[in-house]
Structure formats: C-alpha cells, structure tokens
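Structures given as structure tokens follow.
You will see two complexes here that share chain A, one where it goes with chain B and one where it goes with chain C.
Our next item is the complex of A and B:
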C-alpha cells in the first residue's frame, strides 16, 4: 500500500484503510439482504413444508428431498441440463476463440463490425427466440430451405424430441459465442510481443505461432470464458422456455424449467423450493470446481 | 506488417464468415417484419419483400396495447437502474476502498444464482402484501439483476482510480462523503456510463421475473410479446415487428455504445 497520510497516527491509518466505509455500503447491503439473502433462507425453509397454493401447509421435514431422489423426471432434467451446459460451453468456446483470432487482426470498420457481432448476446432473448422459432418451422422455416440448398433433407428441429436439445444449443451458441470472443480478445490484447518476435526470427509459421505461443498463453482466459459461460448455460431459461416450454413432451426440460413448472404451473411451492435448493447447490458446486480449475491454471499470474 | 493482396482477400472472407451469423439473422428478422403475409408464407422463402409493408408495425403499435407495455418496461427498468446506481455506486466505492472482498464475493454469488430461486419466496411475499397489481414486484426483483451489475462493474472501476488524490484531500480536512462526491464520483463517470448501459440492457431484456410476477396490465414488453405468441396465434409479420420493437432500443445501444459494452462485459473477467 502506497501513499499513507504523512504523519498519521496508527489508529487513523487503520481507520482510513478499513473502517469508515460502511455507511457507503449499508444501503446496497440492506437491499441485497432483502431481495437476495432473505429469499435464499426462505426457500430453504419452504422446502421443508408441504406447501401447495390454496391448501393448508404443514411441516414435513425432508420429505420433499426424499421425493426428489425418487423423481425420475428430475433426474432426466438433471442429465439434460448437464448435457446442455456442456455443449453450450464447448461450442461457443471453439467458435468464440476463432472469432477472437480474426478480430485481433486489424481491418477497416473493425469497431462497428464488432458491434454487430456482439448484438446476439445483447438482444432481448425472447425476441430472438421468436425469430428462431419461425426459422425452425419445418415447412416454412428458412433453415430447412437452406438445408435443401445443400441437399440435406428437412429436419424437425425443436419439434422432435431427438433434435430439440442440439437445436436449442445452436441458438445458445449463436447467442453467446460473442461473449467468449470478447474475453479472448481481451486476453490476446494483453499478450507480450517478445515471444512472437523471437518466433519470427526463428522462422516459425503462422500455425506454429498459434499452436505453441498464442493458444498456451490464452488458456487462462479460456478458463474464465468457460466459467462465465458455464454459470449462464446452467441456468438458461428464456430461450428454452420461449421456444419449447420444455417440450416436445419433456424432451428439453432442464432443471430450471422443471422448477418453474412445479412452482408456478403445478403450484407446488414446497417441492419447487426443494428443487431450487438442490439446483443452487449444483450451481455453486460447479462454480467452485471451475474456480478451482482457474486456480490450477495460474490465472492469477496471467493477469499480471 | 503490410499484407499481400491474397492475405487481404482471405482476411476479408474470414471476417465475412465471422459476422454473417449475427448479420444475416437480424437481416432476416427485419425482412420478416417488413413483408406482407403472402411473402412470409411463401416457399422458397422471399428475402426482399415484394412490397415494403409497414402495416405489421402499425398493427402491433395500435392494436396490442403496445404503448402500455412500453411504459411498463420503461418504468420498471428506469426505476431498477436508477435505484441500483443510487445504492450501488457508493457501495462499490466503499468495497473498493475498504478492500471488502467478502462483500464482493456475495455480489458474485448473487450474479450466479438462478433467478428462479429468489422468485418463489418473493412471489408469495408480494401476493401476501397485495402488491401484485402494481409494478412494484417487478421493480424490486429487477434489483436482483441491476444492483450486482452496478457493484461488479463499479468496484473494478474504482479500484483503478488512484487513491493519492483522495488521501490528499482527506488531509485537507474533507470528510469521506465529500471525497467521494467531489473527487471520486466525477472521475468515475465513464465507469458509471458502462454500469448504466449494462444494467439497463439486462433489466430491459429480463423475461423470467415478468412471466411470474406480471398480470395482464403490468406486463413488460418481453412478456407481452411472449404472450402474443402463445395465446393469440398471430401471423409472422406482426410477430417479427413486435420482436424488433422490443429489442430495438437495446440493439441501437449496442451499436452506439459498443466500446462501453465490450468494456463492461469483460470487466472482472479479463482484469
């Protein structure tokens, strides 16, 4: 710590650096407690109740959790969520890295074009879902027309249980590749130039420079991007709900959708809360794993 | 390093491939919204409308209570962003200066937690308080989105501001609040802009709070558009027009403020 007040007493220095800032923080802390921490605690308490809307509620201990562990639909939703998350991290990571390598080059209108590339992730998800639904239309949709140009037979996309998850992952990938691109671009901008200079002197090809210098050095940023993407993909709701509502049947029902249906369609608040608690545990666990991975890759040294 | 013509051509083609998924999608969206129904149900699909048809837009604007939903969105997002800046900017300053990293962690966890896990208790609470006919439930729950965004971005911004100037004015006898208001706050204006833009976009786009908490008269735009999809079975033209109208403010903002957005979306990630 530099620039301590000259001649300040020990007490005053302590005061400057630690205490005395709580009045700035209190209002936000109170709001956070009211709208975030209180609901967490209350959800935990509700998950121990038999709480159907419009009926008497009663304390039933861990019965909701017991029910959860014998609920096949919940386990299927969990498997689906993990598959969906895995694909929705992997594909944007690949395409986003490629896009970042391209946008790291200099060319005219780069700022404006970057704005266009970023549009999918900023646009209103429901609006995007509407247009994708029209594009997925088996008879009139543009996607089947484009496939027919390539000689590929028409697909049922989100209207078939077998293709609904890949189709939704396609939307998610289209939407979130730009985020990975931005993170990796930030990484590329921070790379030192010396290794490239010596590689040029040694006569390394473009591909060798990419493979042996660039990629190893941006790994920490890829881990950060995977982390952000993983957390978001796990709780993805808008796109899935607006396009399929979890259908056809339950073929695209993720934990988040199942939780919504239990709590707000079937009005089973107690059971919905139990799902919410387990879901949160899953999100936090995955977060910790990713944070641990980040620690392993020496992310802290990489930020310089 | 200058490029050969061949390299230029390759770069041009590669850039074209990278921007086309986004560009073609929004082009198709615009095309759908400007075509008469006869073009939208044609096969093979028509890209350039046979005649520009603005009636899709006027149909949406006039017949579907669009004005009310737009006002609802404006009130909910406006209030949630204003409140978040009001409490979030000072809090971020406090966290940055007091090095209260544990509090920053709470904000981080709040950003990661699924929205639905707050919604069950809040829904019951608002119902109990009899607030469900007003916009308050949505304004309050949107704070779940906007407050963490503001604190997140502003904390890393305040951490980049030099502390020496603030310490000097402390010695000159200014109290903490004066230091914040007169020195840190003016310097933080670019950061506040980034926080404001991102908080606005996230709140404007939010869908899940609306479908749970909004009634017929309190819907925000995304919820209203979703409902017109499922319940009224209207045709593609007006629906695409609605989709464009909902997301247009955000898209314009993205193009105009792309620098700030890029900075905000990667703050904390790349730092």
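Our next item is the complex of A and C:
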C-alpha cells in the first residue's frame, strides 16, 4: 500500500466492505443455491430415506447405499456405462480428427460441405433415435439392405445383446463426430505456420508433418473435445432410451437408464436418489481425471 | 390374482341388445340423458388428464358436444402412456393433483391407486338422481370391468372405459397355401407355427413381443392356458411351477424357432410391421391394433386377416385381459362436474364410436350387444366375434399387486434372456427370488 488513504476514500471502502455491493451478488447467489445446491442437498437427503411414492416415508440412514453395493444390476450398469462412454469418446475423436484434417484443406464447396457434415449435431436426439430404429430393423431396415449389396449376411444390430452397445455407439458417433471436428478445426486454424515451413525445408513428408507436427500440436484441442464428449456420453440417456429402453433384457442398461427405472417406473425415490449420488461422484471423478489430463497437455500449448 | 369371469352366451347378448334399443349419434344424447340435470354445473371448469391413445382421441374429438351439453369447460391433456402414469402418481402423492379426472391403466395401477386412496368414491354421485344418468348402470359392465373398478371393500372408485383382450391375428393366405386350419390348441399352434416358418422366403409362423416389459402379456397368455396364476392368494408366487416353466418353454420355442430374427427387441410396432408385410402368419397382441391391418395404404394383407380368440391351453381356455378407466381425484374441488364428464365419456354414443373405429372395446355389455352399433363397426365381423369370444374366457393378464411395473421388468428380463439362450428354469428361479422381497415389502 502506498501512502495513507484519505478519509473520504476510506469511508467509501468501509461501505464497500460493509456490504453495499451485496444486492448485486444476491441474485446470482440465490439462483445458484436454488438451482444447483438445493437439488443436490435434497437428492442426498432423499437417498437416506425409504421413500416409495404413494407410501409413508422413513429415515433409513445408509441402507440404500448398502443395497447398492449388493445390487448386481447396478454394477453391470456401471460397467456398461464406462464401456459406452469409452467407445463414444474414442470413435468421434478419431473420425472427427480425420474430418477436420480433410476440411482444413482448400477445395471447392468446402463451406457448403462443412455445413452438411455438421447437420447431425443439430438434430433432435429422439428424432435421430426413431430414424435409426427404423434403419436397424433386421428385416425392413436399410442397413441390412446395404450390407446385402456387399454380400454381408444380415445383422441384428440393436436387437441382439451382443451388438447393441456398438450399434448405439454408432448412432452416438454419427451424431457427435461433427462436434469434435469443429473443435479440432478451430485448433488447426490457430496453429503457427513456421514449424511447417521448416519441416518442408528439411524435406519432411506429408505423413511426417502430420505425425510429428500437427498431431502433437492439436493434442490440447483433442483433450478439450474428449472432455466435452466424455461428460456428455456418460450422461447419455435420450438415444439409448428411445432406441432400446435399456434392452434387449438389460444389455444396454446404463446407470442413467437404471436410475430412471428405479425412480420413475418403480417409484422408489430413495434408491433412485442413492444411485444418482453415486453416479454424480463417478461423473465428477472422471471429469477431474480429464481436467488433470488437460493440465498435463497445457505445456505443449505454451511451447507452440 | 387372476379372476375368471362368468360366461356370457350369445343369447344373453341378444337379449341385452334388444333391451338397449337402437339409435346412435349425437341427437340421441339429449333425448336419452334428459332426466339428468346436465347443466347444473354450467360455468365450472375441470381438468382431465388422459393417456395418449385412440380412447383419448375420441373423447377429445367429441369434447365440444360435452361443453355444449353441460356448459362445463374442459381442459383435456393427452400425455404418452409412460409419462402419464408417472405424472399421475407423482401428482396424487403430492396431495394436490392438477387434474380433476384421471385416466388409469387398471392392469398396472389398480392396487397402487386403491392403496393410496387417491380416487373419490362414486357412490354419492350414483345415488344422486339429479346427477346420475339412468342409462349408466354399473351392472352393465362386463365382469372384468366390474372387477377392475371395484376395490376390496366393494366401493366403486372409477368407471371402466375400455378393455383390451389379447387375440391372434392370422394371415389366411399363408395358412391356405400351407393347407392348414387355424389351430384350436396350444400344441396345434406350435405345430402350425413350425410348418409356416420358412427362413428362405423370410416368412415366419409366429410373431410377438420379445422386448422386456412389453413381452409380459404374451407370456401371460401362455401362463393362463397352463392354468397358472403368477401371484396366488396370500401373495404366493407360482412363477416356478411346472405350468410356468412349460409356458416359458413355449414362449422361448415360438420366439426363437418360429419367429423372425431380432424378436428379442420387438415391441408391438415391429411385430405389426412384420405382419403388415405378410411376413408373419400369426401375431399375438392386443385387440386394438386391428385398424392399420385393414388400411390399404399401410397394409399388404387387407382382407386376408383372420381374427381369432387365443387357442385353448392344456389346462384352461383364457384370454389375457387388460383395461383402463376414468376416476375422479379425491382432492378435486369439482367432483360433481367431473362425475358428469365421466358419465358422458362412458355414454353409449362415445362407447359406440370406440368400438366402431376399432380403437377400443367398451366394457359395457349393452353397447357390444347392440346390433345397430355392430353394423357400424368398420372392422370385419370376425374382429367383433373375436372380441365377444374373448370376453367369454377373459382373465386378468397381470397380477393385481402394487409392484406391477417391477413384476413386468424382472420377469420381462428373464423372458428376454431365454430368447438369447438362457435356461428357462434358471431364469424363472432367479426372477422369482428377485421379485419376492419387492412384493412382500409392497404389501407390508
């Protein structure tokens, strides 16, 4: 601090500290409390109750959580959620990066084609689900017709426990590849041209430039895309619910579907809330891992 | 608990038919309903929550007639089935439902609604000559309807609007080509399904729902034929009995050996698509799915469809029955006006339209038996015959317990698992063990 503040300004500062600014903060604070904090506290409280809609409610401590740890179906759902998330992050990342590399090149009608490619991302998930359900139909669907043109025998797609997850991931990949593409395109546009010039002088091939310059430099963008996609895929509900409702049997039942079933079909709010709390922990944990990964890749950005 | 209902003979149908008299259409309403003071609640407004369905559509289409008749303003909302069920349960348990009249699915919600005591007792209204429409007689409801609407104390807390029997749609062409008659027993059904299956041409003998939850009525149709009540008196679970095992084996056999590939994920619409394309010889499903089959713009089998009552099982002849009704929220402030709406929704002209368009089947015997009503039915005569034949052997398709949804989910998964090769005996045992604590807890 330089010099003593004059009396007047001191009084003003006191006003500042005594809360004159509070009216500006209250709205944000209230909204945060009402929309974010309260629902979570309430869910946590519900998860400690034996609460079947339509019946009496009673406090049962951690019994819902104890039940969760002996619930085979919950663990299977967790495994499926992780597999589904892993695949629906990985595939859009691969295809999105390829698409971005293609659309980064100059060619006629590029803007128009980019627009077309981005379209799946803008469609409503439930509408997408309905269209894909028709396409997956083993007898009447177009996918099996296309396969038959190639001489491949008809597949059961979402109508078989063994292929249902990959088939759903196919839909997810189709819808979200454009998002990854946009993120990576942004990254490509921001890359400096000097490394490429020196690589050209050194006689690097196209593949070498891709492998040793482009890919390392866009890693931070890939991590951002993976982060967005990961959180989104973990929470995925609409596409799975509209296409299979978690079936056949429980073959595509993710935590979200199971949680919905418990809370809204079986009306077991207490147990449903316990699943929601554990699911929240899982989402936060995975988010932290991805954020940490992002931190690790930050230095490349600084160097680039 | 499954109940069996008294048989109604054709003669009784005719007698009631004559008694019911003729004349359908809107002018009829005023004449027949004249004794009731329909305008008593002129200016009141009520809210109605309905499941999105052909039943709801018919009421919505005619709503203006009700508003003109009574001066009551109706806010009617149709919500898809699953969501409407959730919404009504959540709103009822909050104590302040936003609606006065609620549409309920008896086969899923009967016990739940009774336990919650959410609906108003209709007796005071039925006893009030100013409110009661003399044409509406609770005795007119079929036995299944009465059983659905009446609770354990014998109170009537809702009115049954539409019944759903499970029948077999069959492709006459495919049967004729194979030189087969329509089967009369389960064994004959299996044999016919096997003979009609030819994967090389893509035709299959039988198609029905394999998707979990949706598949329960198919299994129930077989269970009933084997004389099995899934939940017996005293909450006894009979789902591991010999009969249950035989029914499950039959389900597994038909859906894996004589049905199109992928039935494991089929709901009614996929089954219907297969049947509409002429690719399936028999389809077991609810009676309300008939209209598209006779629509030339949607169907390749117009005029070739046979409608049949479920064949006889080794132990019993039964048609799995489901149904829905309308009730008045006990918390409603406009119960009398709501009661007028209920009476109107169940009046003969509306119930006749339901049957005539093939969108549902009234529980009211007098409507079913009315020759004038029957002449107006747009479906083939065989469809109406299958309805009347099913009414004679009608039995509840799902146990009347609180956790019906859990029952459907757990046993639905077990059935689906048998379609991917799991052993029926193990699956039934596992499902029964899983369901027992839920059932016991719900009635505790």
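The rule we apply is simple: the second predicted complex is superposed on the first by the 268 of 304 C-alpha atoms of A that agree within 3 Å, B and C clash if a C-alpha of one lies under 4 Å from a C-alpha of the other, contacts with A are read in each partner's own complex, and residues count from 1 in each chain.
In this text, a residue touches a chain if its C-beta (ideal position, glycine included) is under 8 Å from a C-beta of that chain, and two chains touch if they have at least 3 such contacts.
Source: prediction; values computed, not measured.
Chemist: Does chain B (first) or chain C (second) touch A:261, or do both, or does neither?
Modeler: A:261: touches chain C, not chain B.
Chemist: Which one hits more chain A residues, chain B or chain C?
Modeler: Touched residues of chain A are more numerous for B.
Chemist: For A:244 in the superposed arrangement: first (chain B), second (chain C), both or neither?
Modeler: Only chain C is touched by A:244; chain B is not.
Chemist: Based on the superposed arrangement, let me know which partner A:28 touches: chain B (first), chain C (second), both, or neither?
Modeler: Only chain B is touched by A:28; chain C is not.
Chemist: Could you say whether A:198 touches chain B, chain C, both of them, or neither, answering first, second, both or neither?
Modeler: A:198: touches no partner chain.
Chemist: On the A-aligned overlay, A:208 touches which partner chain: chain B = first, chain C = second, or both, or neither?
Modeler: neither
Chemist: Of the two partner chains, chain B (first) and chain C (second), which one does A:156 touch, if any: first, second, both, or neither?
Modeler: second
Chemist: Name the contact category of A:140: first (chain B only), second (chain C only), both, or neither.
Modeler: both
Chemist: From the superposed pair, tell me which chain A residues show up as contacts to chain B and also as contacts to chain C.
Modeler: 139-140, 264
Chemist: Can you check the complex and tell me which residues of chain A touch chain C?
Modeler: Within the complex, chain A touches chain C at residues 52-55, 137-140, 154, 156-161, 164, 244-250, 261, 264-267.
Chemist: Going by the contact rule set out above, which residues of chain C touch chain A in the complex?
Modeler: Against chain A, chain C makes touches at 82, 86, 89-90, 92-93, 112, 115-116, 202, 210-213, 260-266, 270, 273-274, 277, 279, 403, 405-406, 409, 413, 416-417, 419-420, 442.
Chemist: In the complex formed with chain A, which residues of chain B make contact?
Modeler: 11-12, 14-15, 18-19, 21-23, 25-26, 28-29, 32, 40-41, 43-45, 83, 86-88, 90-91, 93-95, 97-100, 103, 106-107, 109-110, 112-124, 140-141, 143-144, 147, 151, 163-164, 167, 170-171, 176-177, 180, 201, 204-205, 207-208, 211-212, 221-223, 225-226, 229, 236, 239-240, 242-244, 246-247, 250-251, 253-255, 258-259, 261-262, 265-266, 269-271
Chemist: Over in the complex, which chain A residues touch chain B? Could you list them?
Modeler: Answer in residue numbers: 2-6, 16-25, 27-29, 31-32, 35-36, 38-40, 42-43, 46, 98-99, 102-103, 105, 107, 111-128, 130-131, 133-135, 139-140, 142, 145, 174, 177-179, 182-183, 185-187, 190, 221, 224-225, 228, 231, 234-235, 237-238, 241-242, 256, 259-260, 263-264, 269, 272-273, 276-277, 279-280, 283-284, 287, 303.
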